[in-house]
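First chain written, first letter: the chains are A, B and C, and each begins at residue 1.
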Amino acid sequence: MDKKEKVGLTLPRMLFKGSFVYSPVLTQSIGICTIVAICFTLKISLIVSITLTFILLINEIMASLILKKLSRWMRIICYMLLSTLLLIPIMLILDKNYSQLNASMGIYLPLLAVNSLIVIRCEKYAVKNNLKLSVFDALSAGLGYGVTAIIVGGIREIAAFGTLLGKTVTELPGYSGMALPFGGLIVLGFTAAFHKWFVKKYFSDQPTNTFPLRTAFETPLIREEGLNITTGTLSILSDPAVTNEEALSEKTEKDASEKAPVKTEENAEKDGDNQ
Amino acid sequence: MAKRKTKSENLITNTDSVFRYNLDLIIMMLPLMLMSIYLSGYHIIRLMLTAVIGAVIAEFTANKISKSDNSLGDLSAVATAMAISLMLPASCPSYIAAAGSVFAIIVAKIPFGGAKNAPFVPAAAGFAFLCVCFPTEVFTYPSVETAFNSALIGAEDFVKGTSFGEMLSYGKSVELNSLEAVSILGGKTVGPVGTTFMLVFIGIAVYLFAKRRKKFYVSLAFILTCTVMAMLFPRVNSGVATSVIMELSAGTLLFAGLILIHDPATAPNRAPYSVLYGIGAGIICMLLRYFGKYPEGACFSILIMNAITPVIKDYAKMIEKELKKKNKAKNSLKAEGGKDNG
Amino acid sequence: MSWFFDLLTAAVYSLLIQNIIFNSGLALSETVRTARRPKFFLMYGVSVLYFSLTTSLICSLINLIPAVKSLSMIWHMAIFAVILAIVTFATSVFAIVVLKANKKFMNSLGMCAINSLVLAIPIINSRSALSVASSVGSAIGAALAFVLALLFVNSAMRKIASNKDIPKSFRGLPAVFVYMALLALAFNCLSGQESFI
């Protein structure tokens, strides 16, 4: 009962924190090429984020179950082939039903197979953790990517075309440059700045220097507490609260098993009293 | 004990120098504005007013949001807005001027901490943004006859003129008789609202030479390089002189070369590097005119040189460091060899 | 000698006229993340050049087969991904067995192979119906564009890191994104609003 409650409490909180506070796009600059290049309408952002989350989930499941036994260079090839395999039916379906949309996405949808989000997340977390944690990580990373893509796509669609999901929202003139990659980078930069301010104000215990630029000066890599710069990848799994929750749930199991003999003794005494 | 400058004193000198530089820019742009009122009527006032108001509001709001000191006092917002509005055609709608100056302030200046740290010249970035977003509105100029109080683009009575830039891209040349020369010098040609007045530019060059000698060398290098490129690779067949005069009086080349290129935050200050910067910008500007998508290359060439300069600086420093290390190692080896021998 | 001019034209196109990173927005995350470690620039550049060159060459040769040429983009992507996987596998085996590479090198090699550019170039070449020489030139141009972007973004990071006046919310990654946006704007002078993708 206790364990179920803890899981019920932590899962939504973990998903929120994992997607927003540890956003892979805004704090680690992972997977920005698709967002910047084609996410200039809300519809495309939705399709891309759902596809990427699905591919990431399957990849992390396979990585944490089977692929962890291979060496790293073989795993990377497997991710690429597995993602391609998953993308073929998705693209066939999209081509059939949304052929215009598919054409406007061009080559970027097939390139989700080599998106850095998949490789980095699988290599850093899925091969080192069990299945449940890998699924959480995939869902939180996918949600984080999706939220960013939707925000950027929505802003760009309103700024460039004055529409949202195809329906006209404003009659003001559109700035067609926002549909180009430089417009995407501008919106991404300002979203990242807003995200940084928000996290600093409302989640002040989280590390804010998530992308240290010190290494650009060619100095030896410095270890910072709480953040491993050599890997440099934050995720909900590196949140101390999550790891503590896991330890907590193990502790409650232990407590329950310890309490049990005491309870039976109490019952025996009570029974004895009743009798 | 040496007197250490306090932080506030340093800030004052920095802001003061930025203020004086922007004041010089505004003084240089005022005669262009006056000539433009004389030739194109109220358009420059309309464009400049919307641009300046947009820039000032944007900077004020940004400073309030980021809770930093009010930086309107260094006049960089005003100078940027004036520069962008002078490069637009007289038939341009007002919201475009405002959008360009707001972009220049909010994207090219504020995220990097103000005018003295901006890695790209804000006015060039704002104009480039407008070129990409509204290519028709920015490169369609009214004809000379209807220039005074001309209609806006899109209106029924708008008459399009053929600018020198357009003629050069088709290879059509203009006959350089005395009448044409007078109109080119006086500015009665088809072009942006504030950049066609060659006589005024000569005055601006003299002012720059007198007041800011080092900046003048950057501008001179840029303009001379463009002249040489126009002489060596003319786009029109009627002689070198026609090519040079047409290239120099077409579009925003002289304006960008005299007013935008020597921004103290991006252009090098010392003698050989500033001249090389000007030469590089000139070559890129002319190449963009020959091969680029837009009739204008000056603002984009400034942006490209702003991107290239830090790379060259960093790698020059690295190479210098490596050479120093090698020299030190050599010298220490020699010294040891000397000791052994002695 | 026309193949040489084809190669050069395609390389210049990939590098300048439609810069594969700033105008088309490919491999941006790899650029930003790799630009933080200047020690590995040369190695990454050479690896990306090698992978994109070999993959592009093999894919363009296979695309000459009429049966393959007539397939849609989805099947092209699948075939090219399989070719890339085979090339990566062969290179890794060669590196381990012949060159006796250590673990670090193998890790970096893997990351270079899965760079978005390496799979994107063959797909772009097949969509634009480029000849073999142009495909090779396009691959060389893309690798050069990647190295150039690394240099630009690294200098940007140094400039931003030594700038004390940046507002607190923009310190670090947000300022790098805005700098790259202005870089992309500068590269738009040659391509305008058109995109070949």
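The criterion applied here is as follows: a residue touches a chain if its C-beta (ideal position, glycine included) is under 8 Å from a C-beta of that chain, and two chains touch if they have at least 3 such contacts.
Not measured: the values here are computed from a predicted model.
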Pairwise touch network: line, ring, star, complete, or other: complete
Contact-richer chain pair (by C-beta pairs counted) among A-C and A-B: A-C
Chain centroid nearest the full-protein CA centroid: C
For subunit B paired with subunit C, centre-to-centre distance based on mean C-alpha positions, whole Å: 32
Mean-CA-position distance for subunit C and subunit A (Å): 25
Intercentroid distance (Cα basis), subunit B paired with subunit A, Å: 43
Residues within subunit A bordering two or more other chains: 176-177, 180, 182, 186, 189, 193
Touching two or more other chains - residue numbers and ranges from subunit B: 107, 111, 129, 132
Residues of subunit C touching at least two other chains: 154, 158, 160, 167-170, 174-175, 178, 181-182, 185, 188, 193
Footprint of subunit C on subunit A - complex, ascending: 26-33, 36-38, 71-74, 76-77, 79-81, 84, 87-88, 91-92, 95, 106-108, 110-111, 113-116, 119, 176-177, 180-186, 188-190, 192-194, 196-197, 200, 209-218, 232
Residues on subunit A engaged by subunit B in the complex (per definition of touch): 173, 175-178, 180, 182, 186, 189, 193
Of subunit C, residues touching subunit A in the complex: 22-30, 32-33, 35-39, 72-74, 77-78, 81-82, 84-85, 88-89, 92, 103, 106-107, 109-111, 113-116, 118-120, 123-124, 127, 154, 157-158, 160-161, 167-178, 180-182, 184-185, 188, 193, 195, 197
In the complex, subunit C residues that touch subunit B: 151-152, 154-156, 158-160, 163-170, 174-175, 178-179, 181-183, 185-186, 188-193
Interface residues, subunit B side, partner subunit C - complex: 66, 68, 107-108, 110-114, 116-117, 119-120, 125, 128-129, 131-132, 135, 288, 291-294, 297, 300, 303-304, 306-307, 310-311, 313-314
